[in-house]
Amino acid sequence: MASYLVRRLIGVIPVLFMVSLMVFALTQLAPGDPVSMLVSDEASPEDRQKIVEAWGLDRPAPVQYLSFLKNAVLGDFGSSFRYREPVMDLVLARLPASIELAVYATLLAVIIGIPLGVLSAARPNSLLDNAGSLVGFFGVSMPNFWFGILLILVFAGVFNVLPSGGREPWGMDLPSITGFLTIDALIQGRFDVLWTALRHLALPAIVLGTSMTGIIMQLTRATVAEALREDYVMTARAKGLSERLVLWRHAFRNALVAVVTIIGLEFGALISGAIIVETVFSWPGIGMLLIQSITFRDYPLIVGLVLIYTTLFVLVNVAIDILYTIIDPRIRMK
Amino acid sequence: MSAATLGFRHRFNYLLAPKVVFGIAVIALLIAAAIFAPWIAPHDPARQDLMRAMTAPQWGGPHLLGTDHVGRDLLSRIIYGSRISLAIGVAVVLVSGAVGIFLGVISGYFGGRTDSLIQKMLEVFWAFPPLLLAIAIVAFLGQGLGIIIIALASQRWIPYCRLARAEAMALRDREFVVAARSLGASPARILTRHILPNIVPSMVVVGTFAMATAIISEASLSFLGLGVPPTIPTWGSMLADSRAYISTSWWMALFPGLAIFITVLAINLVGDALRSHFDPKLKNI
Amino acid sequence: MSNSRILMGAAVAALLAAAPPAQAEEMTRERIAVGITETIAGYNPYADAVVLIGSLWCKVYGCITRFDFEEGRMVPSLAESMEAVGERVWEVKLRSDWVRHNGDPVVAEDVVHSIERSRSDPDSMRQFVVVSIESAEAVDERTVRITTKEPDATLPDNLSLLPITSKRLYDEYGQAADRNHPHGAGPYRLVEVSVGNHMILERVDDHPMVSPTNPRQIMYRIMAEPEQRVTALSNGEIQIAQGVPPQLVARVDGLPNAHAAFANSVEMMFLAMNPSTHPWDVKEARQAAAHAINREAIVAALLGGRATLLDGPVGEGQFGYEPGYTTPYNYDPERGRALLEEAGLSGVEIDFYTPVGRYTADRQIAEAMVPMLEDVGFKVNLRTPEWATLWADVQAGGVPFYYMGRGQMLDPSRALRQYFETDSSPRLDYSNPEVDRLLQAERRTFDVDERLDTMREAMRLITEDAPAHFLWLHQMAWGVADGIDFTPRPADRVDGWDIHIRKN
């Protein structure tokens, strides 16, 4: 296992190399350029040329890439064209917000989706099963912005019980330790801040959680139903184990491999930024940063962001792989 | 009653369950609507009437489901929209499903180097920001329905692959697989006869959800000039249009959303039945 | 209702049961929050190309001039006076009562330094502001002499976009001065910048431009979603909301605690028809397109009536506006059809480009124009490329026919030159020697009345020749809480000294 871990973690290097190369190539293929996007409409050709040179965009693409690579190896991803700040500072300032939101959304989806799925599998075609499926499919058929704006209108507008967006109110002075507001608040015993942070998290997490709940529930339902037909479940039943024990200990455990996989994938998608939800709720995560970096052709920021969230995705995948071996000891990572 | 007819009943009587009948009927209706759109649609889907922009739905009125921001008839646009949306939804699910499942079972069953290579490739593909990818594709490959399907499928095979891999890993050391292997079955045979049928249920789930998201995401790519021209109606583009008018014209979002909902639901009902068809445990009775 | 929604509902209800009202940021006499649409870059006052943010830096550091919306012209701001003392020479005298927030005086060397930094700072996006300046020198402590390369009547306009930073602080701390010592001489001091999120300014109590009713602190908060801005206004999270879209104006007006207020933008919306491409090389085709557009119907249906139709490049309140002049291109599809037929171009295929989400209802408007253009005989392919692609293409002259806006037109001189003077940019590739002559003359004319006449003549000529069809100026709707007095200004200005908090 340890050697597997080491190999997977070393394996991230070629992945990052390929990703950087291909994303860099994509930025070169995409029409449009940062200078025309960022420099004033009224700048003279000479001034533009000066900026092109200052940003090193006059060099041939391979030279640009190699110089990026050289600096990146030393931990320097350059400065954002748009924000004039080091890429790493920008990304790290926003990453905790994205991860925190992703964690709460995933928690919500898991807490609701898994029990609902298991119970639906145990009683197929019951009211619970049918209603759960309907909601799940409705959730995925309506775009996230629809549900998000609806929640803002109802809970921030009509009832005025939750904030309309943002991550924290003006003037909340809490020294940052981890960057995760709820954890920082807990560490420092600031329950007022914790409460406020949770209130800001509520609506965006519900929107993201709902769309995730559907697929987790359906997948749990399908795989548990499958497991319930297996011989060993029959055997367990024959041994006189209670139905509850059979369902959760045997059938669900068997379904877990698939469920954990999908949770990992969905969580992975969220840490790369929930773009629509971040926009609707002005959540300061990396999704909005990525969209802006692409619209402005902010090459260093695009590449930096992609490398960071690829690293996180690989880590999530490794963690899921390890979980497999714990869930099902027959699985071994070679 | 012979064993054969018993097997037949078991294998095909699911088609008669009311839910399945309903699912099949809805799918048939949707396909019919797509084919016969010009005869069914009450209006020309492109015809604008600024004086009647954002008319609310009215039973018995000229616009049953209301009109959009430039006064086009929503019902007619949903009917016409089914053409592109269904084609894209189905094609993307089939292409990405085929690629993802193939790579996934291989990755999971063989493990080792094969697995490591496929997983690395997956991680690289996953990293592409879809927007950037789309912009580059438009510039490089131009536009067209085929290209939008490739663009959408280029990342959607990933969930199938990860899931098929996970399940294949869990299955490869199960008794029946080990038994088949010891009897000298070739890997190809084990994969198609023993692994694949067992992963159908979860693939059906991923497929139905992927279909809905593919239909919705088509819009954002079409706006970039990747797919169909922006004047041709699709369910995804209708939803995208509705964004600015959610609190003022609720019908603009709700009805195209319901169209996707009904489609996904029907496909799921049939898919649910299909997977009992593939269930090896039921087949062996 | 469904299970998972019920569970969600229960979770939310539980959360809410104990919740206090959400007005964590309820307005006090002290501070207000403004919901804005565009993003905020870092601390460098020369590095942001966004108009609203640019004007905020003038508020912190002070700029030589500012546009006085009451008087409709540029007035000295950080300067006591700014006068042309020769054809190419200007003299700027600084005021003595604006001091930096750390007590330093503003000196002539600061102006020279700021011009230089605007030009050569590697992060600067504002070189265009000083492009016409040949040299600047400090005559004495408070006097700067600026020499331009050519006679330039628009220099006061340009200098309204140049924040005057401290030479001493820059010499001492370099670029870090922007972040750690942002001591301007403006009426508000910088408290905090959170890149891409918000910016907080604080009133300088003894500054000559502020009064006690101005808010003590202002937070500019980015909120991209219009529904969110309006909701935040309704529940008191913000007091001013930028960019209320036409369809939400009625909702804002219906709020018990806020109302909608309007300002004409100074951004002309127009249809560009590049005369070096076919069929736009044929004047009749351009005229047919102009006659095809039913502007009244579009403004009524898609802009809620909130736009001022244009009869030329500028509207009332902008420099060069000509009362009484009406465009020859009213809505007249018959005439359009006849013109196109005359030119033998009926059925000609055209590609029509529009940005998406950059201007109010841009794509929707372009969509509505398609059947209108087809009605007079064009065959239209609507194209909606992503903005960066489109913009690069427009700037390179690769887009024959597009719907677009051009902002920063309080004084239209720079914009007219850019679009309509021969060889000044390929985006329209228009060439008309008579227009060239008039525009060049206008820039060299210091007598305001004479300059006005020349400018008007040029604009009439352009309008009639129709390389562009001038459509309208949007009326930008703002949401304003009832407790404050704020009259929105053109060009997205939200200046603290314009905002007054009412005493109860």
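Think of it as A, B and C in the order they're written, each chain with its own count starting at 1.
Assume a contact is a pair of C-beta atoms (placed from the backbone, for glycine too) under 8 Å apart; a residue touches a chain by one contact, two chains touch by 3 or more.
Fair warning: this is a prediction, and the values are worked out from it, not measured in the lab.
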{"item": "Per Cα centroids, the chain farthest from chain A", "value": "C"}
{"item": "Which of A-B and B-C has more C-beta pairs touching across its chains", "value": "A-B"}
{"item": "Mean-CA-position distance for chain C and chain A (Å)", "value": "36"}
{"item": "Inter-chain centre distance, chain A versus chain B - centres from mean C-alpha coordinates, in Å", "value": "22"}
{"item": "Averaged-CA centre spacing for the pair chain C and chain B, given as whole angstrom", "value": "44"}
{"item": "Contacts with 2+ other chains: residues of chain A", "value": "30-32, 134, 138, 149, 153, 214"}
{"item": "Shared interface positions of chain C, touching two or more other chains", "value": "227, 386, 388-389"}
{"item": "Junction residues of chain B - those touching two or more other chains", "value": "131, 135, 139, 246-247"}
{"item": "Residues of chain B touching chain A in the complex", "value": "19, 111-112, 115-116, 119-120, 123-124, 126-129, 131-133, 135-136, 139-140, 158-159, 162-163, 166-167, 169-170, 173-174, 198, 201-202, 204-206, 208-209, 212-213, 216, 239-240, 242-243, 246-247, 253, 257-258, 260-261, 264-265, 268, 275, 279, 281-282"}
{"item": "Contact set on chain B toward chain C in their complex", "value": "46-48, 50-51, 53, 69-71, 131, 135, 138-139, 223-225, 229-231, 241, 244-248"}
{"item": "For the chain A and chain B complex, residues of the former touching the latter", "value": "7, 11, 14-15, 18-19, 22-23, 26-27, 29-32, 125, 133-134, 137-138, 140-143, 145-146, 149-150, 153, 214-215, 218-219, 222-223, 225-226, 229-230, 257-258, 260-262, 264-265, 268, 290-291, 294, 302, 306, 309-310, 313-314, 317, 324, 328, 330-331, 333-334"}
{"item": "Residues of chain C that touch chain A when the two form their complex", "value": "2-5, 7-8, 11-12, 15-16, 19, 21-25, 31, 33, 39, 41-42, 44, 47, 49, 122-123, 125-128, 131, 194-197, 200, 219, 221-225, 227-228, 231-232, 234-235, 237, 386-389, 391-393, 395, 406, 408, 414, 418"}
{"item": "Sites on chain C touched by chain B in the complex", "value": "226-227, 245, 247-248, 251, 294, 297-298, 300-302, 356, 361, 363-364, 367-368, 370-371, 381-386, 388-389"}
